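Take a look at the structures below.
Both complexes shown next keep chain A, but they swap its partner, so chain B is in the first and chain C is in the second.
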Partner chain A sequence: MPEQRPTLRQWIGLTVTGLVLIGMLILPGYQSPYDLLTYTRFLVLALMAQGWNLIGGFTGYAAFGNVGFFGVGAYTTGLLMLSKWHVPFFPALFSGAVLAGLIAVLIGLPVLRLKGHYFAIATLGVAEAFRQIADTWDSVTQGSTGIDLPVRTDGEFFYYSALAFVVLGILVTIALKRSKIGYAWVAIRGDQEAAKMLGINTTAMKVLAFAFSAVFAAIAGGLTAYQNIHVTPGDFFQLEYTLQMIIATIIGGTGTILGPVLGAGVYQLLSTYVWTRFLELHPTVLGFIIIVFIIFLPRGLMPVLTGSIDVLRGRRRFRWQALLANVRAHRVT
Partner chain B sequence: MEAAASNAPAEVLLQARAVTKRFGGVAALQGVDLDIRKGEILGVIGPNGAGKTTFVNCISGLDRPTSGTILFKGREITKMPSYAIGRLGLARTFQVVKPLRQLNVIDNVAIGAMFGAGGKRRTTGQARERAEQVLEQLGLKHRREHLAADLTLPDLKRLELAKALAMDPELLFLDEVMAGLNPTEVERAMQMIEAINRAGVTLFVIEHVMKAIMGISDRIVVLHFGKKIAEGDPGQVIENPQVIEAYLGERFAKRAKSALHKK
Partner chain C sequence: MNPVEFGQIAVNAVLLSGILALVALGFSLVWGIMNIVNLSHGAFVVLGAYLTFYLHELVGLDPFITIPIGMVVLFLVGFVVQRVLINQVIRAPLLATFLLTFGLEILIVNLVNYFFKADLRSVTTRYTGAGLSLGPLRIPYIRLAALFISFALVAVTAVFLRATRPGRAIRATGMDIDAARLTGVKVAQIYALTFAIGTSLAGAAGSLLSMIVPFDPNLGGTYTQRAFVICVLGGLGDVGNVILGAILYAFVDVFVGARLPEMSQAFTFGVLVLLLILRPQGIAGKKFYA
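Right, the complex of A and B next:
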């Protein structure tokens, strides 16, 4: 039966994910508030990476401006909670997500006509424009002073909320990947002209991927805003967030379901470890590790994991050459 | 082929009128008129740069003609986007093959079945079933799990055909699917193309392999410097002095003629 192999893999994936989830559900009881904050950071990064994976991974468009939507989510959530209606947190958060999605559609329509580097640069510019707007629109955003959200210090609330969204994100990614939308995205990544000729409305599908990625980023932004209390343009529209979500996705495996979450975890672990060992050289060491990852595992950790399941079952032999083949495949000649 | 001959005058499936395409100062196509009749295999020949591929690009919506109109099943498609044309029932292959390299063969073909003319009524599961049928039909079944990136050229050409066929087109454009194949493979490709036609698909075939094109075509059109210089049944076209001068050459014309007689 040709379908047997993926099903077994899925079972293993499901079991491992389930165990990790149970572990994460009981985790707060055993952690200090500081450690819990680190875990929440990981989940928020996972959420952003899941979003980036839809446009950057499945569809193959290197978006460098997703932090813009992170900021839109943060500001919308904050401003709605502070408004005269005193919108509760979750409705405010969802409004921010919807608004970010709509903005992504409007921006995506012109910007997604660009290819490759041009698209990357354009999205970079868009994120910078958002920052400028937040910085100068004093009457609404209070400029560079920023806004202060209602205070909530209960760390478990943020942890569990983020965890719920990450699980939801996995389910949404699975549903999308199996639908015609998912097939359209990978077709666009493969060859856009071919995709068009195969009957795929490439513009609509790319805009949809971009909007979905914006929704994920905005939810991450809203959560972070509520937890951090203080929201300023400088803190929330940082290029570093975009880079983190891209790196997490690449480490985990672009275009895979669990890759972004796994990558976010590995990134957070590495970052925390390197931070404690090499305080001053932190960015350098981290950068070096990322380069090693990209050279030797350009497809990320997920293919390695699924591959090792095959090795353990004796379906495939372990070969060091596989790593070198990766290097060869991505070498510029 | 008998079908096309018996119900003449056949219905016109695609009608191109005065199609012109200029790239800068160069006219790749100059006022080409062409009818494709339902059920036929229309062969297109001409030297490199004659505008054959440009013509297909214009019809399939990848290029916009500078002027002229194109009707498919009586509907104007001149300014339609490619995907909409594809869903109407027009599919094509690319001369330089365009597989979705990171996907396996079955997924490549399933995507055609999902979004082509028959796509609306299919779920992803049904599209995969349709893809299995097409792979079976084209003899690609043993490659179903292979990544497209790992296929050999003959298999890539077949995959290109399979993707297009899975779209359930009424009209299929084949842009040099036989280039680079050895004689045995050409023979198999000819049989494959004739089988597709017998199943009811109208074909527009661009090919340089004279033996093949003369063997399978009901009619032949010759393009030269963006103009249609001849049109007719293969026997007539081969004897047309203009065609011999522009494309075939004396010796080649004789060879092509002998291929025709064998048929």
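Right, the complex of A and C next:
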């Protein structure tokens, strides 16, 4: 096999990723505990967005219920740690992830037969049903009172755990994207019938994407549960988490490897800024960001970044009309 | 469940079905003609409710007189929203319009929350408590009036779609956009008109709801969900399906709500997912308003 030399674009990508990673590794030494919490939030969001990207980005299924798996991860982790076996954190976390994956397979088999809007709303409903189950199943989940996990106040532990999972998530995404599975997902997004004709087992592939996304969400849920200590159905099944992961993925770029992480960073930055300046208008600004991105940059920031590298190298000229390309292509007159 | 209780629950279901049909009709029209699941539909219901509340509190208008005012205002809002925002991305993949209307919903609900506060409001008039008694059954006048107004508006919309030029243009666009364009239909305008009809019906439903239930800015979300379930139950296609879906939904909702209030949503969605899998086109659904 001839040796493949990385292109300049890949070099830039690798260098930037490496620098960011080193920066993230030494960061806790320079931050207040509160800022560290914000960075941990960003990493947890990145993790959720990476998961959503697999089903929503690569496979093109608009899943609106991933918070359900976030909650399942949180509750399983918490309940196992509190159980009479006193399961340590990481085994509990992995059990939660496995359970969420299994539930995703069971739910995915019927629900992934639905298309488009129907799939979106059905997943929305599934997540809502999860919340009600957690709310009513008093004997296990203690209902709306919620459960309290063992206390651990070590902020760096959560930060480094989340960072490790995000890096792992990037590696998993790269591996999946380059495997047959990744190509199958993209084929399904393009044309499901055609993919089936090519001999792709579309049902299995869709369920796999859904299960993977559930595993990511469950790990994020378990981490958040351990850090927040108090877990209630109202907090851990709120639609806002689903929204955040979708918005982060869209800001960054759906179906890209680093997009969800980049998007999570931008979202967290914007969100923190807006929180501190205009607390009460926070959702308004969020809604506004969604609208602006959907209209002008539905493919997110990643294509803009790679595009600007080309512009800098003189391969392409900068044309501001590019910003209106989406509107030009999709408007109705 | 004794017969009287059963009777009262059934009466409540019938009274509820009118407003549900009104909410769902606008939603179904936008979905059927433009293939947009308008997640901001409930936000327009909320706007209608607040318009009635403030016109009643500050100007002293009778809440029933505020309905046409609210409908006109929301018609204009809806027209502008479709023309300026949604028309720009309407041919993009489905997730685009889905998220765009979701962003809109968050924006509107939060702005309402910011300006009008999250307090629970209700519109009370001289005749609020009054009602009709049929033996042991009670029928509040306002709910009865809401039922009649709702079905009157549904009927007017049905006639409009069938018998007027703009109405036919809307249906033609829904059937075949290119053919409609060839016959001189201005699709962008027709889309805006369709959305405006949807929001103005939502506004009317909001005005009626403000007299019946206490509300806050979060009222809308549940109505968007309900409209969706009704459209799935009845199927898209025509006004009759919406009415059928609304009545079915009202009965399920009221009876499950009376028996198992905590699980009502889980139950509704369970039925919904089952129905979607067994019969994706709805009970009587066709594709468009043909």
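Odds and ends about this structure:
In this section, the second predicted complex is superposed on the first by the 323 of 333 C-alpha atoms of A that agree within 3 Å, B and C clash if a C-alpha of one lies under 4 Å from a C-alpha of the other, contacts with A are read in each partner's own complex, and residues count from 1 in each chain.
As a convention for this text, contacts are C-beta pairs under 8 Å (C-beta built on N, C-alpha and C of every residue); 3 or more make two chains touch, one makes a residue touch a chain.
This is a predicted model, so every value here is computed, not measured.
Once chain A of one complex is fitted onto chain A of the other, the partner contacts of A:I246 are limited to chain C, with no touch recorded for chain B.
In the superposed model, A:V186 makes contact with chain B only, not with chain C.
In the superposition on chain A, A:V98 contacts neither chain B nor chain C. With both structures placed on the common chain, the touch criterion links A:L270 to neither chain B nor chain C. Once the two complexes are overlaid on the shared chain, A:A129 sits against chain C while remaining clear of chain B. By the touch criterion defined above, A:L27 lies against neither chain B nor chain C after alignment on the C-alpha atoms of chain A. Judged by the number of chain A residues each one touches, C leads among chain B and chain C.
Contacts of A:I174 after superposition on the shared chain: neither chain B nor chain C is touched. With both structures placed on the common chain, the touch criterion links A:G287 to chain C but leaves chain B unconnected.
The residues of chain B lying in touch with chain A in their complex are 60-62, 81-84, 86-87, 91-92, 94, 98-103, 107, 110-112, 114-117, 119, 124, 144-145, 163, 167. Here chain C touches chain A in the complex through residues 31, 37, 85, 87-96, 98-100, 102-111, 113-114, 187-188, 191, 225, 228, 232, 262-263, 265-266, 268-270, 272-273, 276-277, 280, going by the rule given at the top.
Residue ranges on chain A touching chain C, taken from their complex, read 56, 60, 62, 110-111, 113-114, 116-118, 120-122, 124-126, 128-129, 132-133, 135-136, 243, 246, 250, 280-284, 286-291, 294-295, 298, 326-327, 329-333. For chain A in complex with chain B, the touching residues are 2, 178-180, 183-184, 186-187, 189-191, 193-202.
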